[in-house]
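Below you'll find a set of structures to go through.
Each of the next two complexes has chain A plus one other chain: chain B in the first, chain C in the second.
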Partner chain A sequence: MIDTVRKTIEQVQTGRRSLSDVGKTIAGSTGATLLVLLLMFPVYWIVTASFSQGAGLMSSEGLFADPSTYNLDAYRWVLFESNFVFEDGEVGKPGALFNSLIVVFVTVSVSLSVIIPGAYALSRRKFAGREKVLYGYVLFTQVGAGLSIATLVALYALFVNLGLSNNLLVLGLFYAAGAIPFNTWLLKTFMDNIPVSYEEAAIVDGASQWQVIREVILPLAKPGIAVVLIFTFLAGWNEFIIAQTLLQPENYTLSVELYALVDDYETPWTEFAAFAILFALPVAIIYFAAQNYVESGLSFGGMEG
Partner chain B sequence: MSTSFFERFSQRSQQRLPDRLENRDWLAFFLVAPGIALFLSFMLFPIAFLIYLSFTDATHTGTVIGGGASLIGFDNYISLFSDAQFWNSLGVTWLFMAVSVTAKIVVGIAIAVVLTHARVRGKRYMRALVIVPLGFPEIFSITVWRGLFSSARFGPFNQILSMYNGAVTAVVGAIDSVLFFLSINAPEFLLADVPVAWMGSRWGAFGSYVTTEVWLAYPFMVIIIVSALQDVPMELHDAAKVDGAGYLQRFRHVTLPAIKRPVMFASILTAAASFQQFLVPWVFNRGGPARDNELILVYGFREAIELNEYGLSSAIMVTALVFVGMFMWIAVKKGDLADGVGNE
Partner chain C sequence: MDSLRNSLQRLDPRSGHGADEPVSREREGNRFAQLRGSDFVESIPFWLPATLLVLLFVYGAIGWNVAISFTGWSGLGQPDYTNFTLEMYRQMPADQNFRASLRNTVALLVAFTSVSLVVGLGLALLVDRKIRFENTFRTIYLLPMALSFVVTAIFWSWMYASDGLINTTLAAVGLEALAFDWLGDPRFKLAAVIFALVWQFSGYCMIVYLAGLRSIPDDHYEAARIDGASTLTLYRRVIIPQLRSSTIGATVVLMVFALKAFDFIYVMFGDNPGRSADILAVTMYRQAFSASEWAYGAAIAVVLFALALTIIGPYAYTQYKRGAL
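Then we have the complex of A and B:
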């Protein structure tokens, strides 16, 4: 950075760069930085708010509070007094975090157990209707986001009648079903990039079909499976409206608790902010870790045929 | 490439094991079937059930399978199409989609152009930073934006408006003290009436939906447009410069044609997403004030879950599904646009 500045000054002095040229670059970079800051304002706000418990967030200096007043009280409230970990912070009564983890566990285990075989078959085998299945999956992934809300109306009535509405396992199953198209497509594309010659070599060496799958395909597909694991985890962790519709308060997941906080005018913004960050930050980090993996193997959005 | 989307993405199927392994269809079927069955049981089956419900007079959940509902033909659709609420909802949905997609494209292109510009230093880091919202859970971003649009006196956007008011008053005050022979007050039309109840007026709420949706979607647009911009050969720009083209001319005749296809493709997808927007209006104010801003899915959801009108709600949802199907058809027809996205 300092090197660049020194070099630029030298270039201007020796007349290799004009002053107006440097000025334009500075103006351009400053403008771009302002644009980025503007876009990141919501993130800035939620982070400062979470540190401003008891300080004057709801006063005229609120938006740009003095960093010396920052404290972790709001985080303490979330972890020990809210429903985040334990209900009302009472140790021993499992709270929203446990409910979310139950849902996520069901989502991940069920979806992985159907996605891995499905992706293998779609990548390596020829069967009637193969293209149609793939086509359907891609269409749903790209265009059908709202279908689950439309179908929720019918499913809700069925679940209520069957006594399944307030059930974390059913909810997990619902999410698993919704996660199948995108993740099967993703893993299938990943498996397509594993060279067929490895399998041929294994077959020449006398390996059986099952051995080929277990000893060649699965180990080589591990990074892809890890990514699918993360995406299915996120599907269960992030979803809100179906959980809110189906669950009763004692089974609320973290996303529903978050909404309950923002919907309640009594809740201070600081506490909401700390809750929101503890809910979102870990998964945002995981998401980007997975995203890098995806981008190294595929292009964005899994669109590469 | 003029091959269809369908052909292109089945090209991979050429690269597969030799024929002798491909005859065992039953194993492949056995491997794929559980996933399809699970997906369809939560998707296709409820859709079929929804269509059936839309022809019944089911009101609350008890009547849905309790035998309390009877078939009434197209009555739900007839009462729906003669209901002003339905046409308002459909109109607001289309308007929302049009405004939101336009804003997303303009904002996306603007950000992408700035963050690939030769004059901007550190643009790679900036690009990495601006796509961060992509990783946030949707409900997180939406609740945060609801906080920003708080109508409280010290809600963030109201505070910013107060700061703006303060700045205007200060400037006018300074002018006033310079022109000591006149007494000048800050003109009313320059001042905002704080606090603004963002969700209290129809277009205030509508505007806040659009703003929020643009913020949710811009990382996707930026990623696609940036990768398209990077594919534009520098020589084209240089040649245009030599020919004396100004910045705007180069943007129109070099940049725009190069990014048109990926932007078109992204627009179709993002338009479908806007049409099916549910969470933003629901979390902000449940499609209010009154029922002014109930986008189609909010409208259908509410009729069933809150107002116990399952038959009517199903008719609304089926209507919405017809439109979603239309988007799918467009995506298929225009699918060859996809190669601008995938093949970098």
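Then we have the complex of A and C:
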């Protein structure tokens, strides 16, 4: 840090860097830090709440708990007594975490297994109607899948009729269907940027069609596949309202279970905060660990536009 | 982009432009052989499963939803698909709640999208100033978006509570006059929701804009500098115009998102937020799942689809025309 400062001063003195340039960098960093504090304050607050000794949150006298009372009771409650891991904390009765994992597993595995070949076909095969299929995909990327809430009445009627409403596998399948259009489009665009010459070289060397896909396309498309993996995981992990409408209590996923903690009069705030943090933790880890993948996926719509 | 695509196509041994033997043999063969050897048929196993899933769950559900909206189905029992009526759509214009929620939906759409874009652009310009720890900042800004609405809606309602964090802070700095009952007062309800949603989504806009900023070639900046452009002119004439595609992309995503800001409002207020914060998606849910007016709920969902289509349709169509797909 001090080295940087010294170097900067030197650069200014020797005229390699203008004073206003340094000023801008300082102003930018300060502004960014202030904004982080502002943005992150709610998060900081919920974290301290989860360590605090009950109540305090809704009343003006105790916005912040006394640090000397910090403890892990709430986490203990969430992990061993609530429905988070096991139902009512009874070992052996799978709880919300298991339900969420089942849904997410179905969502991710089904979507990946149809998105990768689909994206490949749309990227490399110039078949008739290809553009139209893509158009239909892109059009309903947002309208259909994004607006899944608007299909809720039909879904409910359909699933209740078929006796599938309380089924985690069907729910996962539905999330997968919703995730397909956007992610196929994303992966297709990614594959478009893999030079065809690599495949040609492999074909010249006598590789079969499948070998080309397995040994050329898949390894080169890894970053794109990682983005799809993250997005489909998030789709299944975070979704709330469809799960809430279709599932019965024994099949509640984590988001529904969290919502069930809220009570108009007596919400256990400390426990709620701890539950929310444990629920959001995997997502936060993914965002920090796979930052570039997440960002490239998010900026994709804007870049192509 | 198009030229790149064309050259790829020319290079692609399977595109049929080359003089490969299989292609010429195919041309001589009969129609059936042509069809069998075509890329279309050959590629079916690749894209069919995906398309079927989408057709069944997305298009199928939309179609069924439209059908239900014509049935007049309400209460217990099953919809009667033999007797179609437009009654549901006819009663909409007179329904005060529907009109209020339509108005709120449009207000939310416009305010949320424009404010998020402006804040996002500001953040992107800030972060683009080669600041220290840039990556950390970026991830932190983005983090709220990754959180489930159940989490964000609940803790925003704590903050907005009449003796919650916001009012306590206002009181602490001597601004008691500005401490309102944010979620109880009809004047502020929707604005409070929009503010919280902007908090959650401006990071997304920042990422989109940052990608756009980074794709502007450096010599554009230098050329403007040499021409003696001031910083303000630089932003107005060089940078902002080149962010057009980022803006369009982000706008579409945000607007469609705003249409379904359902989860947030539902978690905050339940299925009856009152006329001042009602949006179409919530009205739909209430009509269908609380009042058992299934057909009316479905009809409101159809209106939602129509709105979404008018937003995304032109966007997807221009993409299609430009060959960007």
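As a convention for this text, the second predicted complex is superposed on the first by the 235 of 305 C-alpha atoms of A that agree within 3 Å, B and C clash if a C-alpha of one lies under 4 Å from a C-alpha of the other, contacts with A are read in each partner's own complex, and residues count from 1 in each chain.
Heads up, the rule we're going with is that a residue touches a chain if its C-beta (ideal position, glycine included) is under 8 Å from a C-beta of that chain, and two chains touch if they have at least 3 such contacts.
Small disclaimer: the values here were computed from a predicted structure and weren't measured.
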Chain B versus chain C as contact partner of A:Tyr120, first or second or both or neither: both
Chain B versus chain C as contact partner of A:Leu186, first or second or both or neither: neither
Which of chain B and chain C A:Leu171 touches, first, second, both or neither: neither
Partner chain(s) touched by A:Val228 [first = chain B, second = chain C, both, neither]: neither
Which of chain B and chain C A:Thr25 touches, first, second, both or neither: both
First (chain B), second (chain C), both or neither touched by A:Phe288: both
Partner chain in contact with A:Asn238 - chain B first, chain C second, else both or neither: both
Common interface positions of chain A, toward chain B and toward chain C: 24-25, 27-29, 31-32, 35-36, 39-40, 42-43, 45-46, 57-60, 63, 110, 113-115, 117-118, 120-122, 124-128, 131, 133-135, 138-140, 142-158, 161, 173-174, 176-178, 180-181, 184, 192, 196, 200, 234, 237-238, 240-241, 245, 255, 258-259, 262, 269, 272, 276, 279-280, 283-284, 287-288, 291, 299, 301, 303-305
Touch list for chain A against partner chain C, complex: 24-25, 27-29, 31-32, 35-36, 39-40, 42-43, 45-46, 57-60, 63, 110, 113-115, 117-118, 120-122, 124-129, 131, 133-135, 137-158, 161, 173-174, 176-178, 180-181, 184, 192, 195-197, 200, 203, 234, 237-238, 240-241, 245, 255, 258-259, 262, 269, 272, 276, 279-280, 283-284, 286-288, 291, 294-296, 298-299, 301-305
Chain C residues within the chain A interface of the complex: 5, 8-9, 11-16, 38-40, 42-43, 45-47, 49-51, 53-54, 56-59, 61-65, 67-68, 78-79, 123, 126-127, 129-132, 135, 137-144, 146-151, 154-156, 158-159, 161, 163-165, 167-168, 171, 199, 203-204, 207-212, 215, 245-250, 252-253, 256-257, 259-260, 262-263, 266-267, 281, 284-285, 288-289, 294, 297-298, 301-302, 304-305, 308-309, 312-313, 315-317, 319-320, 323-325
Contact footprint of chain A on chain B as seen in their complex: 6, 8-13, 15-18, 21-22, 24-25, 27-29, 31-32, 34-36, 38-39, 41-43, 46-47, 49-50, 53, 58, 61-62, 64-66, 111, 114-115, 117, 119-123, 126, 129-130, 132-141, 143-148, 150, 152-154, 156, 159-160, 162, 215, 218, 223-224, 227, 269, 272-273, 275-279, 282-283, 297, 300-301, 304-305, 310, 313-314, 317, 320-321, 324, 327-328, 331-332, 338, 341-344
Touch list for chain A against partner chain B, complex: 24-25, 27-29, 31-33, 35-36, 39-40, 42-43, 45-46, 49, 57-60, 62-63, 110, 113-115, 117-118, 120-128, 130-131, 133-135, 138-140, 142-158, 160-161, 173-174, 176-178, 180-181, 184, 189, 192, 196, 199-200, 209, 234, 237-238, 240-241, 245, 255, 258-259, 261-262, 269, 272-273, 276, 279-280, 283-285, 287-288, 291, 299-301, 303-305
